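For reference, chains read A, B, C and D in written order, and residue numbers begin at 1 within each chain.
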C-alpha cells in the first residue's frame, strides 16, 4: 500500500472522527451537566438531516438548509427537554434509558409519518463539490476537507465556550456541583434547556452535513448514536476533550481497520476467507477497542466519575 | 388496591385459560401469540434477576438470547443435514432433542455471562450499560458475517425439535412446555429472593458499601446473579428459536436488549411477575396497535413514556398502589 | 397492520360465485427502514387484483417490520387462523428463508415477488414455491455480462459482508471474463465509503461493480460522484429503482444498472401498467411494483384455470405462466424460477425526475445455475 | 504499639496538589475510645476511608493487630473484625430493619451462597440479628421498612449492623450527627458500655460527647496530627487552641 493511499485513508478516518465528534460532543455535554443518558440523540441527528433536505429541496440553498437544520434540531431538543427530559433528572439511569428509547420510537415513526418511507435527497453545494489536489498529488473531495475544518472549528468553539464565557462557567460549575450553582442564583432549568438545545443543535448540524454525502432516511441516527456512545465511553463521559480524542480514535480504528485487517489476514489465509474474516473483525473493531479501554480504565480515558 | 399475589394468580390463570379456550374454538394462532408472550416473559425474568434484583442495567442481554437461539439453530441444523459438528479434536452429532438443546443453551449462555460479567462488572453506572451494549454489538456483527450458519440470512429449521412424549408440532403442547419452564424460572427467582444470596444481592443494589463493610463481596454477588440471569435468558432464546423454527442475528440486536428492558418496566421492575405481565401487555399491544395503524411504534413510544413518567412501578405498581424496587 | 381488501366489483358477484373464494396472505415490509419496497410490491399487487374485477379474492396484508421473527409469526397466523391458500409479499431473503420452507411444507403455495435466495432455487426447491421476480444472482450475472460487452477488463467489486453480498460478488464473477482489481466486503448498514473509494482510486481498475441495496447505495453513489474517480460503475437495479433514485440525485446520472424490467419495455401490458399505476398512486412504478403486479397476474391466470384446493391442477396452471407479463416473455425454469431477459439500463433525467432507460440486453432468456441442483 | 488492635503507620494520601493525609500514625488499644477531632476539611473522612479499606493510601500502612492489612479490601478487613458505621447512613432502605441486621449476621457467617434456603428460616442468623437489635433497643421495629425509620433510629440500626459482626474494633464516623440532645445522650451511654467489648475509633463533631467519652483524643489539622493525649492534655494544649480558636500561645 502506497504512502499516498495511507495518508488519504488517515484523512478519511479523521473526517469520520470529526463528524462523530459533533455527535458525541452534545451527548457528553448533556451527560456531564445533567447526568442524563440520551438515547434519542440520534433522532435529533435525523431531524437535522430531514430539515436540511426539506429546505434544500424547496429553496436550493445549502446554507439556508444548514441554518434550518440547526434551528430545527435545537427547537426539537428544547421542546423534548421541556416536555420530557426535565422530569428525568432525578430518575435512575434505567428510567432515562427507557424514556429516551421511547423517544426514538416516536421520532422515527413520526418522521416517517410526515416525510414518507422513501429516502430524501440532499446534495453537496456546488461550491464545495468535486475533488481538490493536495500537496503530494492526493486528490481529495473538497467537501470532506470542509467537514474536517468545520469539525475542528466547532471543537475550538466549544473549548472557547466552556473556558471563556459566562455560560461556560455555569456549565462547568453545573458539572461539579448542582446545588452550588442553584445557590448562586443561576436559573438551573434554563441552563439545562440551553445545554440540551446546544447539544441537539450539534447533532442536527452533524446530520445535515453528513446527509449531503449519505442517505437521508429513517433510522439513520441509530448506527451513529451507538458509535457516539462508544466514543464518549472511551473518552470518559462528560469530557469534551475525551469526546474529541475518542472520536478520532474510533474514526481511525473503523476506517483503517476496514482496510488493514483483511490485508493482514491475507498474509496467512486464502483471499476469500481473509476478506470475510478481516471484514467481520473490522466491524467488531471499535467495540473491541471500547472494551479494552474500559477494562484498562473503567471510567474512560479522561473520565472522572462513574 | 389489589394485593400483588392475587394479580399474579390471575395472570397465571389467564395464561392457562386463554390458550385452552383458543384450542376449543380452533384459533391456534392465539396459542402461538401466547407462546410468544410466555417465551419473551421467560427472557425478561432472566434479565429481571440481574436488573430488578441486582440493579445491573444490562443493555446487552440479547447476547444470551441469541446464544440460546444459535445453540438450538446449530444443533438442529447439524441434525437436519446429518453433518457432525466439528469441535477441533472431537466431533459431536447434532440433535433435535429439546432437553439436550436447552442444556447446551443454558451452559453456553452461562459461560458467556461469566466472561462478559467478569469484564463488565469492573465498571458501573452508565459505563456498565454501554459496555454490555458493546458486547451485544460484537456478537451481532460476528453473527452477521459468520456465513457457515447463514450470516444475516439466519438458519431455518424445517420442523420443530422433539420432546419425549409430546407432539411439539402442535401449538398447545409446545405452549405447555414453555409455560412450565416459565413457572420454573419464576420459582427460581422467588426462591432466590428469599435466600441469603437474594438478601445480600438486594442489599448490594441499594447500599454496596454496607455489603462490603459486613465482609461480603458485592462484585461476586453480582457476577453470580449475572450468570444465572444470562442462563435463564439463554434458555428463553432456545425456545424462541424453536417457536419460530428460525434463528438470525436480529436475536443479538440492541433493539432486542432494549425491548427486554421495556417488558420489565411496563410490567413492574424487580417484581416477580413484572416481566410476565409486561410481556403479555407488549404482545397484545404489538398485535392490537399493529392492526389499527401502520405507525404503532409511535403509540408504543407514547405509552412507554407515560409509564416512565407517571407510573413508576409499571402496571403492577399501578394495580397494587406500591412502587417496586428502585434500580 | 392488517387490511382486508376486497377487490371491489359489485357487478362481478354472480359471475364469481361459481368459484370458491380464494384467500391470499401477503406478508411484506410496510414500516421501518425498507418500507418503500414493501409498499411498492403491495401497491403493484393490489392494482392487478383491482383491475381483474374479481370479488372472490380476499387479500390479507400484514407488516413484518423487516423482522424475521415477526414474519414467521404472521405466517403462522395466516396459515393457522386465516387459513390462506396462497402466500406472497416477502421482500428480504432472510425473511423468505424463515417463512417459505415452513409454509410450503404446510401445503400453502408461495409466490415470491422479490427475494430469490439460492437455497430455495437449488436443493431446497419445492413444488409449491414459485419465484416471479428473479433468483438473487440474476441481476449480478447480468452486470457481469454487460461488463464483458462494454469491454471492461479489470473490475473493482464491493458488497456488504452478508450472504446476499457474497452471492452478488459470486454472481458477477461467474459471468465477468476480465480480472478483479480488488474485492471488498463492507459493513452492513455502512454509511461512509471514503475508504473504499480511496482503494478503488488506487487499484488501477477500469470499472466498478457494486451491490449496496437501499440507503447504502445512495451514500456510496453520492460520495463516489464527489470523489473525482470517474471509472464507469455498474450494478444491479436495487440501488437505482424509482423509489430511491431521487434521493441519489444527479450522482446517478449515466450509471448503468441491470434489471429484468423497466418502464420503457415495449409491450401493451407494461404501457398500461405504467399508466394506471401512475394514475392511481401518483408516482412512477418501480421494479418492485412491477414484480408485485406480475405476481398478482400470474396468480389470477392460474385461478382462472383451477382453485388452489385442487393443488395439482393449480400448480400446473401456475407453472404454465400464461399471463401477460410487464416484462414481455415470461416462463418458468425447472426449479420454478423465471427464465427471462436481463436488460442493461442507464439512469437519465426526464424533466424533473430521474429514471432509467434501456440501452441494451445483458443476458437473453437467462435462467440460474442452481436449477441443476433442484430435484423436483 | 504491640498491643494496639488497630493502627496506622505514616499514612499519606494526596489528591492532586492537596495533601489530605500527611504522615498520620494513630492507634487504638483494647478497651478504649480514641476520638479523632478536627475542623472541617482536616482529613478525618479520608483517614477513615483508608482505615476501612475504601481508599488506597499513597504511602504508609494500616495494621489490625500485627497483621498488615494495607492491601486488603473493605470486605476482607471486615472479615478480620473491623466494624464500621457511616456518617450518612448506608442501609438498604427498601428492606426491613431485620433484613439489614440479617445482612450483618450473614456477613459474619460468611455463607451468602445458599441459593435455595430461606434466609428468614435460619435460626442462627436470626438469633444473632435479633440480639443486635435488642442491644440498640430496636427490637420493636423489627419489621419496619428502613426508609420509615427516623434519623436517630437509623443511626442505632447502623450500630446494630456493626454489632452483628462481633468486631475486634469499631470505626465510627460521627454516630451523633443529626441526633437531638436526647438521642445523643442515649448514644453516648451506649458507646460508653461498648468499649469493653471492643475499642472504638470515634470521629465526632459533638465535643460534649467526645469529652465525655474519649480516653484519648487526637487532633487532625490539615492532614496532620497536631496533638494527641488525654482529654485534659488536649484541653490544655496551646496548639489545639491556636488551631481551633486562632489564639496566640
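To be clear about the criterion, contacts are C-beta pairs under 8 Å (C-beta built on N, C-alpha and C of every residue); 3 or more make two chains touch, one makes a residue touch a chain.
Fair warning: this is a prediction, and the values are worked out from it, not measured in the lab.
Participant: Could you see whether A-B or B-C has the larger number of C-beta contact pairs?
Facilitator: Pair with the higher count of C-beta contacts: A-B.
Participant: Find the chain most remote from subunit A, comparing centres computed as mean CA coordinates.
Facilitator: Most remote chain from subunit A, centroid-wise, comes out as D.
Participant: So how far apart, in whole Å, are subunit A and subunit D when each is placed at the average of its C-alpha atoms?
Facilitator: Roughly 48 Å, centre to centre.
Participant: Measure off the straight-line distance from the CA centroid of subunit A to the CA centroid of subunit B, and report it in whole Å.
Facilitator: Between these chains, centre-to-centre, one finds 32 Å.
Participant: I'd like to verify one number: the distance from the centre of subunit B to the centre of subunit C, where each centre is the average of its C-alpha atoms, in whole angstrom.
Facilitator: Result: the chain centres lie 36 Å from each other.
Participant: Starting from the mean Cα coordinates of subunit B and subunit D, work out the distance between those two points in Å.
Facilitator: Between these chains, centre-to-centre, one finds 43 Å.
Participant: Could you list the positions in subunit D whose residues touch two or more of the other chains?
Facilitator: Counting only residues that touch two or more other chains, subunit D contributes none.
Participant: Would you give the residues of subunit C that are in contact with at least 2 other chains, written as numbers and ranges?
Facilitator: 31-32, 161, 166, 185, 187-188
Participant: Counting only residues that touch at least 2 other chains, which ones in subunit A make the list?
Facilitator: Expected reply: 108-109, 112, 276, 279-280, 283.
Participant: If two chains touch, include that pair; go through all of them.
Facilitator: Listed in label order, the chain pairs in contact are A-B, A-C, B-C, B-D.
Participant: Where on subunit B does subunit D make contact in their complex?
Facilitator: Answer in residue numbers: 191-192, 194-200, 202-203, 206-207, 209-217, 221, 224, 325-326.
Participant: Any idea which subunit C residues touch subunit A in the complex?
Facilitator: 31-33, 35-36, 39, 161, 166, 183-189, 191-192, 194-196, 198-199, 201-202, 214-219, 222-223, 226-228, 243-244, 246-251
Participant: Please name which positions on subunit A make contact with subunit C in the complex.
Facilitator: Touching subunit C from subunit A are residues 1-2, 4-5, 8-9, 12-13, 15-16, 108-109, 112, 117-121, 123-124, 129-131, 139, 141, 143-144, 210, 212-220, 223-224, 255-256, 258-259, 262, 271, 275-276, 279-280, 282-283.
Participant: Can you list the residues on subunit B that touch subunit A in the complex?
Facilitator: Spelled out, the residues of subunit B in touch with subunit A are 51, 57, 59, 119-120, 122-127, 129-131, 133-135, 137-138, 141-142, 144-147, 254, 258, 261-262, 265, 269, 295-298, 300-302, 304-305, 308-309, 312, 326-327.
Participant: Under the touch definition given earlier, write down the residues of subunit C that touch subunit B in their complex.
Facilitator: For subunit C paired with subunit B, touching residues are 1-2, 30-32, 63, 67-69, 72-73, 76-77, 80-81, 93-94, 97-98, 101-102, 105, 117, 161-164, 166, 185, 187-188.
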